[in-house]
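Worksheet: one structure, shown below.
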Amino acid sequence: MIGATSFSPLLLAAGAGADSFLERLPLVIRDTVAGVFPAPLQWLVGSTLSIVAIVAIFGGIFAGLTLVERKMLGRIQNRPGPNRTGPMGLLQPIADGIKALTKEDIVPRSADHLLHYLAPVALLAFSILTFAVIPFGRNLVPLELDAAVLYFFAAGAASELAIFMAGWASRNKFSLLAAMRALAQLISYELPLLLSFVPIIMLAGTLSMTGIIDAQAGWQLGFIPRWYIFTPWGFAAFVIFLIAALAESNRSPFDLPEAESELIAGHLTEYSGFKYALFFMAEYFGMIALSGMAITLFLGGWRAPLPFLEFIPSYAWFGAKLLVLLLFFIWIRGTFPRLRIDQLTRLAWKFLVPLALVNLGTAAFWSLTSGWSGALQLVRWALTIAMVIGPFVLLGRGLSGTHRPRTYRYA
Amino acid sequence: MMETLEQVRDRLLARFPGGEVTLIANPGPAAQHSLALGLNQAAAMALFLRDDPDLRLDYCSNVTGVDWPEKEIVESTKVTVPDPAGGPAKVVEQKTKRIQPGYLEVVYHLYSMALKHGPVIVRLRTGNRHDQVTVPSFTPVWRSCEFQEREVFDLFGVKFSDHPDLRRILMWDEFTAHPMRKDYVEPDDYEWEPTPHGTVLEKAKAHYPATAVAAPTAAVGAAHHTPAAAAVTTAAPVVRSDTGLETRATPAPKEGTP
Amino acid sequence: MLGSGLLQGLKVTAKNLVGSFHDPERLTTLEYPEQKAKLPENYRNFPFLVSENATDPMGTLRCVGCQICEKECPPQCIYIEKSKDKKPDATGKMQVYPVVFDIDTSVCMSCQICVEVCPFEAIKMDQVFEIATKDRFTALLLDRNQLAKPNSYYHEIHPTEAAEVDARLLAERKAAEEKAKAAATPKPAVAPTPSPTATAPKPPEAPAAGGTPAP
Amino acid sequence: MSGVEPMFPSPSSGAHVNAVHDPFHGDLLEVSMGPHHPSTHGVFRMMVTLDGETIVKLKPVFGYLHRNHEKLGENTSYLGSMPYTDRLDYLNSMTNNWAYALAVEKLAGQPVPERAEYLRVILAELTRLLNHVCLAGFLLQDTGASGTPLMYAFREREKILDLFESLSGSRMMCNYQRFGGCRVDASPEWLAGAQTITNNFGRFLDEYEELITGNEIMMARTQGVGALTPELAISAGITGPMLRATGVNYDLRKVDAYGVYSRFDFRVPLGDHGDTYDRYMIRILEMRESIKILQQALPALPAGPIMDPKAKIRGFRPKAGEAYGRIEGPKGEIGFYLISDGSPNPYRYRVRPPSLVNLTVLEDMCLGQTIADAVIILGSVDIVLGEVDR
């Protein structure tokens, strides 16, 4: 029932290669398998297949990502990383999984057992929910919603609740502090995250993911894609989004809830074994989902970066962009120290939120001047760039305050 | 350059008429002589040493205790008994053949960061080692004494009046003895290990009478203590004790040995 | 501008990430069990007893059971019982020998003080470090059979030092022989037997000469 | 009894903290950080009372690594204590050895040959590099930099440890200095290796600083955090880089000019704020000065013996007397106070631990800061528990 026909608008909008066999392969497989079953069950089988595919593929990506992260961090830190399990350490995730499964599951006697049990499950569930609306490829949207963007952030925000559950239920002071931090972080960063892509919704005129990707179709000057990141305001919004996404997914340098040098392991302190692994998995799923969102909103979704590369299937492009973003996250993790909680919230409220608001105006200006051409086009670019950089410098000065490199005297 | 210790003593005596200040000579090559302050005005004297513009001993580097028990005093009077004349040290050695009561001593090494001189060594002595062990604390004068005086209290049992936070610092709060005293006897706790040393073996026998570890200990001990049994070590009796400790007289081959 | 320091940091880590693939300075680890670092000659681990030859280690131990190392050992990990009788050593001289010589390597802290105080060059530091065992009791208590290693092994692990020691011992022996000869010529009846105790003479440079000579 | 008004009273000492009991604030939270906390640098424990995340009381708890080092020193010979000093501050065994050797040499009036003095300076400055580079790494680790600066620091540290190993036979427990000289002489190859490391170290520091010193997060985390006034620092006996970060010019290498330090041209960097950033930067700058000293000392190493010919290894019995010897260790003034009664063992053997004394002001620095700051303030104090607890 949910066949290729339901995506026909998409197919029409697609360019060359849209009908290629590789592009349609996932759908063909699904329809073939579903076709075996009687017609009334086909929708159920089709959906189940989608769910299984998502969980399997992203579970695999998670497993690979843990290895890639450890390898890349290792390389950044001048060491080879895990390389003992299997060739080049490729079996390390399996070993980790077995270890997590076989470890003793310790629950503090005074913990709230139900919540303590539910927290990792809920966290994982919420983060898997967000995958439902991300367009992984030209025809690969698990759930086509008109307000997909809203759904995504609603589901994503719920994950912080699970962290609070974990912190509260553990009945550990460090966990509790982590839970409070998680809440503060959620409230602070939800706002810049949402504000950063409001301009896109404004310009695209839709809350639908496919609609936003469609709005980024086409080429400037014949080869530069019309992705939002290639506009001054879009770039600024992308940076804000990335920073907020790092904070939302509790990644370094915003990994305050589990700041290991202060709070031991934060909300994870009292978790062990597979529950711990579930938290780990949920964190990575959240990171992958937010990266997917960033790709959809700013990087043209599954679209190819150059016209002649369109023969490569769309989901491959999505995967490539996802990989680049994830590697960037790891790179950041390998470089930056962690912020303090008050600095974290200050960064959100005094820097990112105003910047996002200004950016809204910049995007509006961009939208209003879309008719300008020739020399006016240059003026348009210059003005928008100034509208991005000016507030950044001014707000940045306020944010850094008295912090600057010092000179020292000698006796 | 800093004034000599004699001058410091004289100025202290002039400034504090009722006070006691004794110059204690150090016979060793280091020649770091010291001042013993009477306890009644010691804190005020310390304040004077800190604030006097010529001395300005604003930095108390080292605080430590020394235990001088009754018996040892005869041998060690060379170091500690004051030379009244302040003359060369040789004279002192011959005169100090008398038995003194034991006492505890707190030694402070003072320096001046402002004038970059030092050390001036100040000693406080308790009346005895049991009940008169209170000396004034110098923590109000130099904050650096805070932890070090706590340590002296902990390890030597010197009590410091006016110390803001006089608790044990290194040993646990329930500990009662003072381990750095010369007459401290270590507690008789013992964990079995296969060392051949006689003292440890004696302890082992006391702690594991007859059964348990006595068997392997005896095996090791017998092998080592009777020459006739020396050959036994090269044989390989496996001794299994009741505690489950299994010992082999021939240890496992060392891996990696060429 | 805000963020320039962050970008600089990213640049450095990127440089290291790329460099770790081609620059040996940026990937300094060794794959331990397969690759082994070359131990420096001075490396020390636990002591061993030098015997003159490998075929009869117990008969040719240099140790005369003088117990100096036992006294000087800071953690008291050496236990020695010396013999009541005398046995000819490698040079044929009658010497007291250790009946029991144990080192508890679970207590030993590899400080080398026993080597420095030994007047007979009888105890030296080994370089074997892969000595993990499953038995923390007796397997770590080494007796003299396990401790004895031939002089050739000593030459293998500390070549420079061993050569010096051999030269010194040879010179000492020669001097002793000549002295004995000189003493024997006028008065053959009284042969001086050097006491094998702590008062035995030792060349003054011996304690300091743990390693290579001054350039 | 004395009635002396303390100039710098110990904050919240003994008394319990006045809790704010209104519905908004709620109760205070007492957290035991340590002894198994990941960033208390060993088995150190801080009893922290928090109002939200703000510290209102912090009491350090010591002794988890206490082994009564001083009693051991009284029960073993003078030489036997030397390997134990390695284990005080196990990062800096060379300087510990030197401080102890210096104190014993003072006690016995033992001269040291010139080559040994130069070797001591070289090894002490290498140790300073090693310690400071570790500190820079650990401090960044405490701020949450996921190991990268620490690994770079360790990469360089390993090179210096290799040098120590090839000279003394052990990487960390060097047991190298002796009363009246050093144990092993340095070969020309060793000196060449030391020269190479010295030459390359500046480049490493440049890269390290590029990575982290200008980093905005690092500056935000450390500047203005845990500030210490020079007056309090002096009164509390703070020494080493932590003291100089407050602007007090007191470096024993200049003040006492022990060894042959007076022959080298180097400067003492001073901070103006006394905060964590200054403490970090002073150490970076001190490393650059150490490189300068090494560049002067390595080529100038004179030939000659490394042990005084009259020095005794066995049967060392100094005359009765006492001596306090101190040097500028990487963490501050490390001193040894010895009383001899003429026997082979010291009558009293005392270590003046810089780490412990520097911790005196931990609470002063942490009050009003957050729990995240406490960790990096502790990191910037640079403690090693082997020395704090002894």
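Each chain gets a letter, A, B, C and D, in the order it is written, and its residues are counted from 1.
Everything that follows uses one rule, which is that a contact is a pair of C-beta atoms (placed from the backbone, for glycine too) under 8 Å apart; a residue touches a chain by one contact, two chains touch by 3 or more.
The shown structure was predicted, so the numbers you read here are calculated from the model rather than taken from an experiment.
The central chain of the assembly on a C-alpha centroid basis is D. When the interfaces A-D and B-D are ranked by how many C-beta pairs touch across them, B-D comes first. Subunit A and subunit B, compared by their mean Cα positions, are separated by 62 Å. Put simply, the C-alpha centre of subunit A and that of subunit D have 44 angstrom between them.
If you average the CA atoms of subunit B and of subunit C, the two centres end up 34 Å from each other. Remark: subunit B and subunit D have CA centroids separated by 23 Å (rounded to whole angstrom).
Residues of subunit A in contact with two or more other chains: 76-79, 334-336, 400.
Residue numbers of subunit C whose C-beta contacts span two or more other chains: 2-3, 6, 9, 12-13, 16, 28.
Only residues 76-77, 79-84, 86-87, 115, 148, 152, 155, 158, 162, 165-170, 173, 175, 178, 181, 183-185, 187-188, 207, 210-219, 303-307, 309, 313-314 of subunit D touch subunit C when the two sit together in their complex. Looking at the complex, you find that subunit A touches subunit C at residues 72, 75-80, 83, 331-332, 334-336, 392-393, 396-397, 399-400.
Against subunit B, in their complex, subunit D makes its touches with residues 1-10, 13-14, 62-63, 66, 68, 70-71, 106-109, 232, 234-239, 248, 250, 255, 318-324, 326, 333, 335, 337, 339-342, 347-348, 350, 352, 356-357, 359-361, 389-390. Within the complex formed with subunit A, the residues of subunit D that make contact are 29, 31, 37-39, 50, 53, 140-148, 151-152, 155, 211-221, 223-224, 249, 251, 254, 267-273, 277-278, 281-282, 285, 370-373, 375. Residue ranges of subunit B in contact with subunit D, taken from their complex: 26-30, 32, 42-44, 46-47, 58-62, 64, 66, 72, 75-76, 78-79, 107, 109, 113, 116, 119, 121, 136-137, 139-148, 151, 155, 161-162, 164-165, 168-172, 179-180, 184.
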